[in-house]
Amino acid sequence: MTSALLYVLAGALLCGGGLAGCLLVRHLLRRLLAFNLLGSGVFLLLVGLPAHRHGSDPVTHALVLTGIVVAVAATALALVLIRRYFHLTGRVSLPTGRQEDR
Amino acid sequence: MSSLLMAGLLFTPLAWAVLCLLLAFRAARLASVIGMLLQMALSLALWAWVAEQGGFFYHLGGWAPPLGIGLRVDGLAVTFVLLTALVGAACGLHAGLYLDPSRPWQRYFWPLFWMLWAGLNAVWLAGDLFNLYVGLELITLAAVGLVVLGGAAPALEAALRYLFAALIGSLAYLLGVALLYAEFGSLSLVGVGEGAGSASPAASFALLIMLFGLAVKAALFPGHTWLPPAHGIARAPVSALLSGLVVKAAFYVAARVWLELGPALEAAVVGVLLGVAGSAAVCWGSWQALRQPQLKLVVAWSSVAQIGYLFLLFPLSHGVPEAVSLQAQQGVTLQVISHALAKSAMFLAAGNLILSVRSKRVEALAGVSRYLPLSLFSFGLAGVSLMGMPPSGGFAAKWLLLQASLASGQWWWAAVLLVGGLLAAAYVFRIYRASFQEVEESDPFYHPPRSLEIIPLVLALLALGLGLVAEPVLSVLGLPFGGEVLSP
Amino acid sequence: MIERARQALLGAACLLFTVCLLWAVRHLVALPAEQQALSVLLSRWLPDSGVSHPVTAVLLNFRSYDTLLEIGVLVIAGMVGISLARTSALEDPAMRSADPLLHALLRLFLPLLVLLAGWLLWAGSSRPGGAFQAGALLAAAGVLGRLAGLPMAFLRPGTLLRAGLVLGFSVFLLIALLGALDGRAFLAYPPGLAGALILVIEAGLSLSIGMILLALFVSAPVAPEEDADGGPPA
Amino acid sequence: MTLPMALASFWLLTMLGLGLLRIWRGPSVADRMLAAQLFGTTGVALLLILAQSQAQSALRDVALALSLLSVLATVAFLTRVAGNPPGSTDD
Amino acid sequence: MSQERHRLLTIKPVPVEARDVLYRVLFAAFLWWVLSEGRADSWGFGVLMALLVTGISLGLFPPVGPRLRWRRLPGYLLWFAGRSLLAGVDVARRLLAPGLPLNPGRVTLDLDLPDGPPRWWLANSLSLLPGTLSVALHGQQIEVHTLDTRSDIAREVEEARRRVGVLYGEGTSP
Amino acid sequence: MTELWLDGLLVCALLATAAGALLSRDLFRAVVMFIAFGLLMSLAWVRLRAPDIALAEAIIGAGLSGVLFLDAVSHLRRRPAGGAAEDD
Amino acid sequence: MSGAWLPLATLATSLLASLIIFALPEHRHSIRTTVNILAATLKLALVAAMTWGVFQGRFYGISYEMLPGVRFVLRADAVAMLFAGLSALLWLFTTLYAVGYLEGSPNRSRFFGFFSLCVASTLGIALAGNLFTFFLFYEMLTLSTYPLVVHRGTPKALRAGRQYIIYTLGGGAVLLLGVVLLYQLEGDLAFRETGHLMGSDPARYPALIGIFALLVAGLGVKAALVPLHGWLPTAMVAPAPVSALLHAVAVVKAGAFGIVRVVYDIYGIDFAASLGVLEPLAWVAAFTVIYGSLRALWQSDLKRRLAFSTVSQIAYIVLGISLFGPLGTVGGLVHLLHQGIMKVTLFFCAGNYAETLGVHRVDELDGAGPRMPLTSLAFTVAAFGMIGIPPLAGFVTKWMLGRGALAADMAWVIPVLLLSSLLNALYFLPIVYRLWFRPLRGDWPAERALGRLETHALLLWPPVFTAVLTVLVGVLAAAPFSPLAWADLVALRMYLP
Amino acid sequence: MTEVLQVALLFLGCLFFGLGTLGLFRFPDTLTRIHALTKADNLGLGLIVLALLPGVTGWAVAVKILLVWVVALVASATSAHLVARALSAGEEAGSD
C-alpha cells in the first residue's frame, strides 16, 4: 500500500520540522506548536510504517490514541504554565544565556 | 502471593494519589505515612520474594506479551522498587514536615508525589517499550507539577524548561519505539531484543534516537540545561525526589534498551559517544557546581556530574568480555543506588540548612557547623558518597567502574572517574569550607525539628553503608540488566 | 554570536536527523511484508476481550495498564492546572459574550454534543469511539458553554472538582484491583463481566476526561488580584 | 461511484489547499478564521464522502463531531481574540 | 445561577410543562436513534442518555418564548431549501460576473417578532438566505449586512420574518 | 491512482500547514494553521484507516487544542500584570 | 574464628565513641571526656591483648566479601600491632591533652567526634589485611582529619584545610589508581608477610614498577615525601593536639605505614629489591631527610619548625624500608614508633607554650625553661632524642639505620644520616638553649593563675609521660615488648618465613 | 439513474465549494467573503449530502447525514453572524 508510504514520509518530515521547531524557536507557544507537530509526525510513523508493511494494525491505533491523550495533557498543562508565566513576568520565551542568581 | 504483592505494589501509589487529592494537606499527610509504610512493606516483601524465589514475569490483566503488557520482576527491578520506597518515603516524610500547610496549593504535593511513585514503579518493572513511554510521561508530568508547585515565576520558568526537554525526550523515545515496532512487530523489550539478531540500519537509528531522547530526559551533558534550574528551584524534598529517582528512571530505560539491543546492533560508536558525553558531563557539571553561588544549585549541578558517570555504562558494556560488562553494569547500578540515596540526603540536608540560615547562598552557611552540626553532617556524609570516597556506595561503584574500564583497555574512562572524584571533592569541600567559617555572633540560626534532620542522616548513612554491603546487594541483583529467562 | 552558532548547529543537527530518519524509513519500508504477529493475536483473543472493537479491546483490556497510566497523566495535568488557578471564581465575566444567537446555538449543540459523547462512549465497544473521544467531546461542550458564558460553578477548585477529576480513574483502579483480589492478575476482568465493566470504566473515564480538559482550559486565566508570591522563603 | 467520489474528494482537498492560502495571506484575523471555517465545512464534506467510499460509518460520527466543533474555534476567536483587542480589557 | 442566565438571555423563561419534557425526551431519543444508526441493542443506554440529555437541557436551557409548531416545519424547510439554493446561485452569479457586481452595505430593519427562538430562527435563516447576513440583534431591530444594497432587502427579510412567524404559530391565531 | 493523488495532495497540504504553523511570523496565523493542520491530520488518519484516531484528532486537533491555543494567544496579547514588555 | 571479634572490637571502640560524641550536646563535657578516656583505655587494653596474642602466634582476623572479588579484611599481624600499639597508646595521651587544651573553646563535640573517627581510621589502617581495606581507611582518615585541620575556622585554617585536602585527595586518587591497576594485573591485594608478587610474570615487571611508583606517590603525599610535603607545614594552624595527631599518630604515619605495607607485604622486600625500585625510594627519602632539616632551620615559628622536622623524620622510616635487609627494616619500623613518641612530646610542649604563655615563635621562648620546667624538660629530652643522642629513642633508630645501610651496601646513607643529625642539632639546640640559658624578655603576655602546676594538669602530664617513654624506649631497647624487640620480631617473621 | 443524479449532485456540490473558495479570494472585504462562504459552502455540502443519500444503508444513517448538514448549517450561520458582529463592533479590532 503505497499511500501509507506517503504518510510515513510526511511523518518523517514532520518529525524533522517539529524537532527543529522545538529546538530553534524560542517563543513558548510556537515551541508548543512545534511539539505538537513533532508528536503528530511520530504518530504518523507509528501507524504508517506497520500499515505500509502489513496493512492496518489496530494495536498501533490504540497506542497512538494513548499517545494523543498524553500529548493533549502535556499541551494543556504547558499552556497553563505558559500563561501563568507570562502573567507573572511578561515574557513569552525563556531567557537564554546564563542564569543569573536569584 | 507474588501476584497479590504485585497488585498491591501497583495499586497503592495510584490509590493513594486519588485519596490524597481528596484530602486536605494534614489528612493527606497522615494517609501518606500509612501508604508509605504499606508500600515499603510491599516492596520489602517483594524484594525478599525475588531474592529467594527468583524473578518472574507478571502479566497484567492476564494477557501475555507481546500484545498484553508483561512486567518484568527481576532482582534489579525489585531493588529499584525498594530503593524508590526508601527514598520516596524519606522524601515524603521530610516533605510532610517541611512544606508549609497553610499554602493552599501544597495539598497537591501528595497526589503528585504518589503519582510520581507510581510512575517510577511502572518504569522499574516495565517490560514493554510503550508502557515505558507512558510511565516516563507519568513521571515527567508529576515531576513538572512538583517543580511548579506554588507557581512562582522562577519555578514556572524552570518547570517549562524541564517540561519541554522531557517532552522532546519522550517523543524521541517514542519515535524509536515506532521504528522498532515497524521492524520487529513487537513491543516487548525481550521480543524486540530477540528480533534484533543482526545489525539493521533502521533499528540502529531507532536505538540512537531512543538513547538520545532518554539522555535528554536523564540530563546528559549537552541536554542537561534544564536540570539545574528545575532541581534548584523546587522545594528540597521535591529536588531530592527528582535528583534521586526521576532522572534515574530515564537512565534505567536507556540502559535496559541498550543492553537488549546495543550488542546486537553493533552500535559501538553510539556507546562511545554516550561515554564521551558522560565524561563531559562529569567535568562540566562539577565545574559549574564549583562556581554556583547557591547551595541548591551546587547540589543540582552535582547531579549533572554524577549522572555523567552512569553513561560510562554504554562504552563499557559493548564489545567487551562478559565479565567486564557485568562489572560495569554492577558498578553503574551501585552508582544509581548510592547516588539516589546520597543525593536525596544531600538535598534534604540542604533544604534544612537553607531553612536554618534563611538564605540560599553558600556564604550564608558560615557558622553552621557550630550550631547545626547534624544537618551539615548528613550533608557531609552524602558528599562522601558523591566523591566516591570509601566506604560509601559511590566508592564501590567507582571501584567497579575503574576495574571495568581498565580491564576493557579503555583506560581513559578511569581518568574521568578519578578526575570526577576530585572535582566532586572540590565542590563538596567548598560547602564544608563555607560552613566551617567561624562567626562571632551567637547562634543566629533557626533550628529545624530533629525529625527533619534525622531523615537525611538516615539516607546518608545508607549511602555510606551501601559500600560495605555492596556484594550482598549485587548478588540479589543477579545479572543487573541481563535478559535471563525468568520463570513465569 | 555564540547564539547564532548554536542555532546553526542545532539546525544542522535537525537536518541530519531528518535525513537519517528518512534513510531509516527507507530501509524499513523495503522490508518484506509479513504476517503481523500482534494482529493475529489480537484477532484470536478479541472474542475473550468483552468488546468487539479491536482498538477498544487493546486500550481497555489487553493493554489497559497503559490506559490506566495515561489517565494518570491526564489527572496529573488536571491537578497541576487547578493547583495553579489562584482565583476563587473560575469564570471571568469579561469573557462573556451575551449574543443571543450563540445562546441559541448552545441550546441545540450542547445537548447534541452530550448525546454524541454518549453515543461514542457506547459505540466504543463495537466501533470507533470510546472514552477519550467521548470525554474530549464533553470537554468541548463545556468549553463551548464557558465561552458563551454559561455558569460553571462546579469548576471552582473544591472537593467536587477534585472528586470529578479522579472519578474515572478511581473506578478504573478499583476494578483493576478487583481482578487481583479475585486471584487473577491486576487489571484482569472477571470472566463474562468484561464488556459491562469496560463500559462502566469508560463512562467514568469520559466524565473525568471531560472534566480534566475543561478544568485545564478554565483554570488558565489568572485574576489580577492574585498575589505573585510563590511560597515560603525556603 | 468510486471514481466520482475520489475525484470529488480530490477537488475538495484542492479547495482546502486554496483555503490554506487565505489563512496564510490573511489579511485580517477574521479572514483567517473564516478560512478555518471553510476548512471545517469542507472537511465535513470530505469525511462524509470518505465514509461512503471507504464504507466506514464511523466517519460520519467524525463528521458530526467536526461540524459541531467547527464553531468552537470561531467562538473562541470572537470571545477571546476579536472581543479583546490588545490592551483594551486588561484581565 | 438563574440570575446569571437572565442577564444572558434577557428573556423570561416560561414554566416547564410536561410536554416540554416529552418533546425534549422524544427529540433526544430521535437523535439517539439517528446517532446509533438504528441499532436496537443500543436502546438501553440510549434511553438513559436521552433522559440525561433532557435533564441537562432543561436545567441549562428552560423553554423560552413561543413554542415551535412542528407541523409547520416541513413547509418552512422546503421554502428555506429553495431560498438557500437561490442564495448559492446568487453568490455564484455575482462571483462569476466579470464586473463583480457588489454593493455591500448594512441595513437596519425593525422587527416585531417575539424575543427568543423566533428571532434566532430568523437571524440564522437570514445568514443563509440570498444576499443577507445578520450582523446584530438589538432590541426591536436587526442589523443586516447585504451584498447588494440596491436589491430589495426589506422585502426579503419581511418574507423570512413572515415564514418564521408562521412557524411559531402567528398565522393560526389571528 | 486517484487515491494516490488524493493522498499526495493531503500530505502536501499537511506539510504546508505544518510549515505554516512553524514559520508563520504572526502568532495568530500560526495557531489557525495549526487548527487546519489538526483537521488535515484527522483526514490523514481516515486515509490510514484509523477512524478512532481520526475521531480523537478531529475533536482534539480541530476542536479543543485550537481553542486552547487561541485562548492562550489572546491572553499573551494582553498586557501582563508583571509589567515587562514582550520580548518576541 | 574466635579471634574475629578482637580486631572488630578494637575498631568499634573509637568508632562508637565517635558516634556517641557526635550525638552528645556541646555542653556535656564530663560525659564526653569520660567516653573519650574510657574508649581510649579500652582500646589500649584490647590492643595489648591482641599484641600478646600475636606474639604468641595467635591469629586475629575477619574477612568478608565487600565487592565482587574484593574482600574487606582485618588482620592483626606483627606489623599491624606495631602501628596499632603506637596509635592506641598515643591516642590516650593525646586525648587527655586535647581535653585540657580545648577546655572552654567551642565546637568540642565536633572536634572530639572527628578525633575519635580519625583514630578509628588509623586503627583500621593498622589492621587492614589487604591493600583494598587499607585504602578504605586511608581515605577515611583524610576525611576525618579535615574538620580537625580547619577546626578554628579562621581564613588561615580554611586555607590550610583546602591545601591539605587537595594534596591528600590527589594522593588518594593516585593511590586508588595504583590499587586498581594492581588488582587488575594480579587479582590479589592481600598483605602477606613476604609479599606475593615474587612469582609474577616477568613481562609484567614494567607495569609493576609503574604501579609501585603510583602507590608510593599516593602514599608519599601523606608521608610528606618531598615534593609532596607542601600541606604539612601549612596544616600547622590546627590546634596542637591535632598537630600531634597528624604528625605523630595518624596521617604521616599512615603514609609511612602504607609504604611499609606496599614494600614488604605486597611486593616483598626481595622482589622490590630485584625490581630495583628500592634505591630510587631511598634517594627520595634521603633527599627528603636533608631537605626537611634544611627547611626547618629557617623556620622561626616553632610549630612550623617541628613540621619540617617531621618531614625529615618520616623520611627516616622510608629510608629504613628502602634498605634491603633486616637491619634497615628494623630501623625503619622502630622509627615509626620512636618518632611518634618523640614528636608527640614536642608538639605537646609547643602547645603548652602557646596555650600557657602565648608563645608561638622560637625567639619568644627565651627563659621559658624556668617558667615551665617540666614542659621544657620534656621538650629538651624529646629534642635530644630527635637529634639522636644516646641512649634516647632517636639514637636507636639512627644506629639501626646506619647498620642497615652498610648491610644493604648503601654506604652513602651514612653521611646523609650524619648530616641530618647535624642539622637536627642545629635547629633543636638553639631552642633548648633559649629555653634554659636565655634571660626572660619581658613579662609573659598572659599570666594565668594555675595553682601549683606550671600549667593545666592535663596539659602537663602527657608530655611528661611521653618524654619518659622517649627515654625508656631508648634505654630499655633490648627489653621484651620494646619497640625494637617488636620490630625485630617483625623482621624475623619477614625474612625467615 | 440514481447514479447519474448522484454524480451530478456531487459535481454541483463540488462546484459550489469551488465557488465558495473563489469567493474567498475574489470578494473584496471580509463581510462579503462571509456571504460567499456561508452560502456557497453550505449549499455545496447540502448537495453532496443529497448525492450521498442514495448510497446509505438505512434510514437512520440517511438522517444522520442530514443531521450533519443541519448542524453544519446552524454552525456556519451562527459563526457567520458572530464574525460579522465582531467585525462591525470594532472594524479595526481584530486586524493586525
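Letters are used for the chains, namely A, B, C, D, E, F, G and H, taken in the order the chains are written, and counting of residues starts over at 1 for each.
FYI, contacts are C-beta pairs under 8 Å (C-beta built on N, C-alpha and C of every residue); 3 or more make two chains touch, one makes a residue touch a chain.
Source: prediction; values computed, not measured.
Common partners of subunit B and subunit H, by the touch rule above, are C.
Under the contact definition stated at the top, the chains bordering both subunit A and subunit D are C, F.
With centres defined by CA atoms alone, the chain at the far end from subunit D is G. Farthest chain from subunit C, judged by C-alpha centroids: G.
Chain pair with the highest count of contacting C-beta pairs: B-C. Averaged C-alpha coordinates give centres for subunit E and subunit H that are 17 Å from one another.
Mean C-alpha position of subunit E lies 101 Å from that of subunit G. Each chain gets a centre from the mean of its Cα atoms; for subunit D and subunit E, those two points are 22 Å apart.
Averaging C-alpha coordinates per chain places the centre of subunit D 86 Å away from that of subunit G. Those residues of subunit A in touch with two or more other chains are numbered 9, 13, 15, 17, 19-20, 23, 45, 49-50, 53-54, 59-63, 65-66, 68, 70, 72-74, 76-77, 79, 81-84, 87-89.
Listed for subunit D are residues 19, 26, 29, 33, 35, 40, 56-58, 61, 64-65, 68-72, 75-76, 78, 80-81, 83-84, 89-91, each touching two or more other chains. Residue positions of subunit E touching 2 or more other chains, listed in rising order: 31, 35-37, 123-124, 134.
Against subunit H, in their complex, subunit D makes its touches with residues 1, 4-5, 8, 11-12, 15, 18-19, 21-22, 26-31, 33-35, 37-38, 40-42, 44-45, 48-49, 52, 57, 60, 63-64, 67-68, 70-71, 74-75, 78, 81-83, 85.
The touching residues of subunit A, when paired with subunit B in their complex, are 15, 19, 22-23, 28, 31, 35, 38-39, 42, 45-46, 49-50, 53-54, 59-60, 63, 66-67, 70, 73-74, 77-78, 81-82, 84-85, 88-89, 94-95, 99, 101-102. Across the complex, subunit C is touched by residues 5, 8-9, 12-13, 15-17, 19-20, 23-24, 45, 49-50, 52-55, 57-59, 61-63, 65-66, 68-70, 72-74, 76-77, 79-81, 83-84, 87-88, 96-97 of subunit A. Residues of subunit E that touch subunit H in their complex: 31, 33-38, 81, 84-85, 87-88, 90-92, 95-96, 100, 102, 104, 106, 123-125, 127-128, 130-131, 133-136, 143, 145, 147.
Partner subunit D is touched in their complex by these residues of subunit C: 92, 94-97, 102, 105, 109, 112-113, 116, 119-120, 123, 127-129, 133, 137, 140, 143-144, 147-148, 221-224.
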